[in-house]
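Common to both upcoming complexes is subunit A, partnered first by subunit B, then by subunit C.
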Partner chain A sequence: MKLRILLCVCMLILSGCVENSIVDDIQMVTVIGYEKTDDGKLKGIAVAPQFQANGNVENSVFVETAQISKEIRSQFNTESPKPLVSGKLQLAIYSKKIAEEDGIMELTDTLQRDPSIGSRTFLAVSNSDPEAMLRTNFGNVDTGHYIHSILEHNSKYGMLPETNLHNFFYYYFSEGNDPFLPLIDLEEDKVKITGLVLLKKDKMVSELPADDLFTFKILYENFSSNDSYTTDLGGGDHASIYNIASKRDIDLKKIKKNKITINGKVLGVIKEYTGEELNTKVKEKIEKDMEEEVEKKGREMIEKFQEEGIDPLGLGNAVRSVTRGKFDYDEWKQRYTDIDIKFNMEVVITESGVIE
Partner chain B sequence: MCGDCMFQWLKKRHNPDKLKNLPQLIANLKTSGDFLHFKSEKTGTAFYIYYFKTLVNEKELSEKVIEPMGKHKVASLADVKENVPIPGIIITDDLSVVCEKVMVGYLIIRFSEVSDECALIPSPTDISRKVAQPEVEFTVVGSKEAFVESLDKNVHLIRKRLPVHELKAYELTIGKLTHTKVVVLYLEGITNQENVNTVKERLNSIHVDQVVDNSIIMQYITDDKNSPFPQLVDTERPDRAASGLCEGKVVILSEGSPQALLGPTTFVEFFSAFEDYFVNWIVASTARLIRIFAVLFSILVTPLYVATLTYHYELIPSDLLSTLVSSRQQIPLPPILEAIFLELSIELLREAGARLPTKVGQTIGIVGGIVIGTASVEAGLTSNVLLIIVALAALASFTTPVYRMGNTIRLIRFPFLLFAHLWGLLGVVLCFSFLLIHLLRLKSLGRPFLEPIYPLRVKDLKDALIRLPLNFQTKRPIQLQTEDTVRFEKDKNDFHE
Partner chain C sequence: MSGAEVKEQHKISPFLVFYLVHTMQIGVGVMGFQRIVAKEAGNDAWISVLLAGISLHIVIFLMYKILLKENGDIIAVHKRLFGKWIGGLLSWVLIIYFIAMSLTVLRTYIEVVQVWMFPDLNKWIFGFVFLLLVYYCLSGGFKVVTGISFFGVVLPFYLLLTMAFPLYHGHFKDLLPILNHSASELYAGAKAGALPYLGFSTLLIYFPFIKDPAKSHRWAQGGHLLTIFIYVIVMIATITFFSANQLEKTVWATLTTWKIAEMPFVERFEYIGIATWALVVLPNICITVWAGGRGIRRLINVKQRTITIPLLILILIVNSLLTRRENIDMLNSSISNIGFYMIFVYIPLLFIFQLVLYKVRKQS
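On to the complex of A and B.
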């Protein structure tokens, strides 16, 4: 009985220690942006949506500059009417300058250490000024959710590989992988994915244009998407192939002889064809043209990776997984640039439309 | 057994020193206005009749007692027994018997005003209502008979359904003043004798002045009196009671109560409506799953709302966030007060509706539901999201087929709310653990209450959360530890060959 009373008393007293955060008494930061000022200081931009009772959403933008990133977060609170919380953070944007000059690890690390931030928070690099981007009104929506949705549906159904906090840290810390992040751009009042930023450790070394994303994704993973790929057939004819499924296979049998073959296979449907008649011959030509085109792009891409010494495709990781004993990562890094990496494509067109 | 103790007690009360003989007793009874007495000389020999006119069927008295007596020239008590065409005539000089019987509709006939010996002729009047339709457990298909306030009729309704000699009825009387007749029914050779003895023991240990209803008996014999959960099923359907008997349960009926108690029972049985057995097993199982879901929903949804909005904003999906936040934007109260305000107003409505006459009650429901709900949202006291949640939770709690359990479900939401406010989801989990521990400790007539979930008895799952087809129900529940476990042979029913 004594124990029970003690328990009840404890429960009542301890409940005072719990810090609550009632949903309408806090400001939830949904997107955070970082850029570098000219005098070398760090500028942080946080956007918290204000949901009005009539259903409208107003985005409050907080901008603070400081020497280190941790200071920024406490400064935000000084200009906010309600405490800012980060549990609903959906996206972190870094300016290209930071990605190129300082690396993003220091800024990303704070996100990872905060237990309330989910590991599915997206990361992105912005080509344009993050402040301008986050100050833009995208309509009656929460800015963070808006940009997050663009990235999310593109990595779920489109050509963008997944690039969230978890992926970034996995590629950053694991041997034989290098992270990459989407590159976004503000175009008037829209945000657009303009490519992929390739990082070496946490610094940007190179970027891929949006046109290469299809090829990159074929090289990178198995996927199926709603996107289409247009191939030039020559003579003014174009065919648009709607991708059903793509399969990638890394052949590591000849790794001892420094040879890696990546085989890609795409199953596709012809969505649009500008030529006259679509017969078997034309279909074969389309298949072949597309194969050649993708192979060429892919090979160039791989060459570029090797030159830069980055491995966004995770080949090192794949080799590590078939290596017996200890995998010597330093040795691999030296070997990587000289390895002969082949890329073969196979395109199969399974349907050519219902008109037939 | 108990009859004896009752008589001893009677003697103490009605036979203080002055009531030593019959004439004194009759003199005492005459002080009641409805006690009639007259002298008749129709037979040639004078005889005296005494009775309570409110207890006796006077038509029967003149047709079956006075007329035959005149016809046969009855002259002695032995002649009465021979010539009056009513069975069960007692000739006695035991004052306590006379006293007891006259109070339940017997006539006293005697031939001498001084003698102690008299004849007692049963001629009780029956003004209990007719067997009517079940109101609480109404089913569209199936029997439309419900128990009434007369014990004999109730036992009849069960005996009619189980015309076997194994159906035993153990009778006893409880209540110093009410003398309520209680009957324990069970099937010999099927029902576990231990269960029957438990019931008998517990009933015999009740020593109170009045038993108004079976519910009172239920409260006295229930295993854990401090639990909000009912541990015996009460039903107004004779078919449910009969079917419980066939399973091996014990049924308790009492005079003046249109409800039978069934035990031992399990937690999941409270969520099975009797209609589940009348419809196809798929439909029945779906209905049961919906009810179980409704219970969980009803208990947990408001606490989850409070917990999430107070502590766990991260858990709210981004698409829902704007709806939730904007609905709460103008509300000055924290989620817990908002929730308690609404939950209490729903409880108020229910209570007011239950206490008022039907017609007024409906008006209250409409006024309360629509006017108060809408007004409180417009006044900015509660959010409309919560209003929907609370209304749905209240609705869900009414899906529980057993009324008592429905009340409990509505009640245990409040501790959950408190815990949700104090510690968020952790509190909800904590409270749920407390609830689970409590349920695990509960027993129904000494049998585990949470069976077949814990202790896990896979075979009993055939009729628990879901109801499998009838040809799967070949064994009686293990819970009841029946003496004969087999209900029927499955093979003999299989004609699809």
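On to the complex of A and C.
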């Protein structure tokens, strides 16, 4: 009996023995941005939404400049009326300058080290000034959530490959892969995905325009998407296919002879066709035109990767998975630039809509 | 020597050994054992884990052989084989090992809570409350401890389903090429992979508490089989989820995989997972402290109840004195090493020694 009373007393007393965080008394940062000032210092921007009683959302923006990133974090708290917490962080944005000159690893390392930050946090590189982007009012929404949603639905259903914190570190640490991040831009009062930033380790080396995302995604992974792809048939005619399901297969049978073949197979449905009649012949032509177009783009892309010595497609890891014995990455990196990589496409149009 | 015989009403059914063995194996080790195995065996680490598991089936078999021949616990075996003094010394070593193990489990769990959830958690208060709970369980005797271990297996079992998240995001290419490591690398991996399995050696103490012990053998093996299954799945999920160098930097790989989990009702799964883990840790500490107390009771003439409280206070004090990560790491690895040699060297030696001695005595 005494023990039970003691237990009850303990429960009452001990309930307050760690620091608690009441939602109304903290500021949850949803997005942080980093950029480099002209004198070489680092500028950090954090946005924390404040939900008002009348349903409005007010975004408080904190901007601080410091020599190192750790300092910025403590400086944020000096200008915030409530303690800032990072458990709800959804997105980290880096300016292009940082990605090109310094690399993003130093700034990303804290995100990975902090157990309160989830692995699904997105990373992005911004073409425009991150401060301007995060100061923009995107309507009655939380800025972090707004930009995060744009990236999320595009990588779930669209043409953007998945690029979250975990993926970045997987590729960063994997020697047979190089990471890539989405490139975003502020266009008036909207945020737009304008392409993909290709990194070597953690430094940006080149970028892909948004038009190439479809080709990149075919080369990169199996996917199904609700986005459409439009192909030019010549003579002013266009056809657009959607409900795309794509399968990629890396053929490594001839890797000993330095040959890799990537086979992509796309299944799709015609959504729009500007020509006269859509018969089997036309369909075949659409398939063929699209095959040629994507193949051409893809080959150029692969050549570019080889020139830059980057491997966002993970071919190194794929070759490792079929190589017995210890895999020598240094040798592979030298070999990579002159491997003969072929890319073949097959497009199959399964349906042409509900009308003939 | 006292209290060798156990009253019938204190004994447990043979099938409950399944839970006792299994719960002791799944402890704090599963939160981060992957890194150590993968360091040796790379992408074949899961084979190492599997091999280590299979070899432990044999060790359990040997344990049963030894204990069935004696029809008593390890302390009785020690006394018969080595006499009162040397046998007693060996038993004390075993007891200290069990107590150190409960200390390790408690301290590691508190470390995880401190790092992942509440950095300002007070070790003294948390340890005190937790050990109070342990005392509450222990005061009910071995039957209650068995009951706790039953719940310690069944209630947190759903956590296995969370491995679906890393498997969903996994790169299965990382498993290939299979068997790409040399036998010595696989062995080194298996040696590291055996560590999380250890802990079932408490069987040596609670053996006389089992009704019809011969029947419980297959349940013990069954419990171990379930552990192998869980560890191999966790290992495969981890290898596919992390790239090799990334895993090397991840201290608690299992907890880190939870960071990717996405559920509509909860933003971050670790908080649920780590809280549930208290249920896994509780029977671990209960059984080891019980085994330590039981051992002491068998060696010197005291009541187990009176020895439990000083034991718990000792654990609380040492637990709170360990503050640095390195100390905790050292404690973990030394306990694992001792356990490893006990299981793979001492038990087989004991088995042979017993066999020879019985033959010699029969002839004379």
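The definition used in the following text is that the second predicted complex is superposed on the first by the 338 of 356 C-alpha atoms of A that agree within 3 Å, B and C clash if a C-alpha of one lies under 4 Å from a C-alpha of the other, contacts with A are read in each partner's own complex, and residues count from 1 in each chain.
Here is the rule we use: a residue touches a chain if its C-beta (ideal position, glycine included) is under 8 Å from a C-beta of that chain, and two chains touch if they have at least 3 such contacts.
These numbers come from a predicted model, not from an experiment.
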Between subunit B and subunit C, whom does A:171 touch in the aligned arrangement: first, second, both, or neither? second
Classify the contacts of A:323 with the two partner chains as first (subunit B alone), second (subunit C alone), both, or neither. second
Notebook entry, point to check: Now for A:7: first (subunit B), second (subunit C), both, or neither, which partner does it touch?
Noted result: second
Review point. Which holds for A:118: it touches subunit B only (first), subunit C only (second), both, or neither?
Key: both
Just to be sure I read the superposition right, which of the two partners does A:87 touch: subunit B = first, subunit C = second, or both, or neither? both
Q: Quick one: classify A:212 as touching subunit B (first), subunit C (second), both or neither.
A: neither
Overlap of the subunit B and subunit C interfaces on subunit A comprises residues 18, 87-88, 116, 118
Seen from subunit C, its contact residues with subunit A in the complex are 115-116, 118, 120-122, 125-126, 129, 132, 136, 169, 171, 173-174, 176-177, 180, 241-246, 249, 255-256, 259-260, 262, 267-268, 270
Touching subunit C in the complex, subunit A uses residues 3, 6-7, 10, 14, 17-19, 87-88, 115-116, 118-120, 166, 169-175, 177, 317-318, 321-325
Subunit A residues touching subunit B in their complex are 11-12, 15, 18, 20-24, 26, 28, 30, 49, 51-55, 57, 85, 87-88, 90, 116, 118, 142, 145, 148
Subunit B contacts subunit A in the complex at 308-311, 313-314, 316, 318-319, 321-322, 324-331, 334-335, 422-424
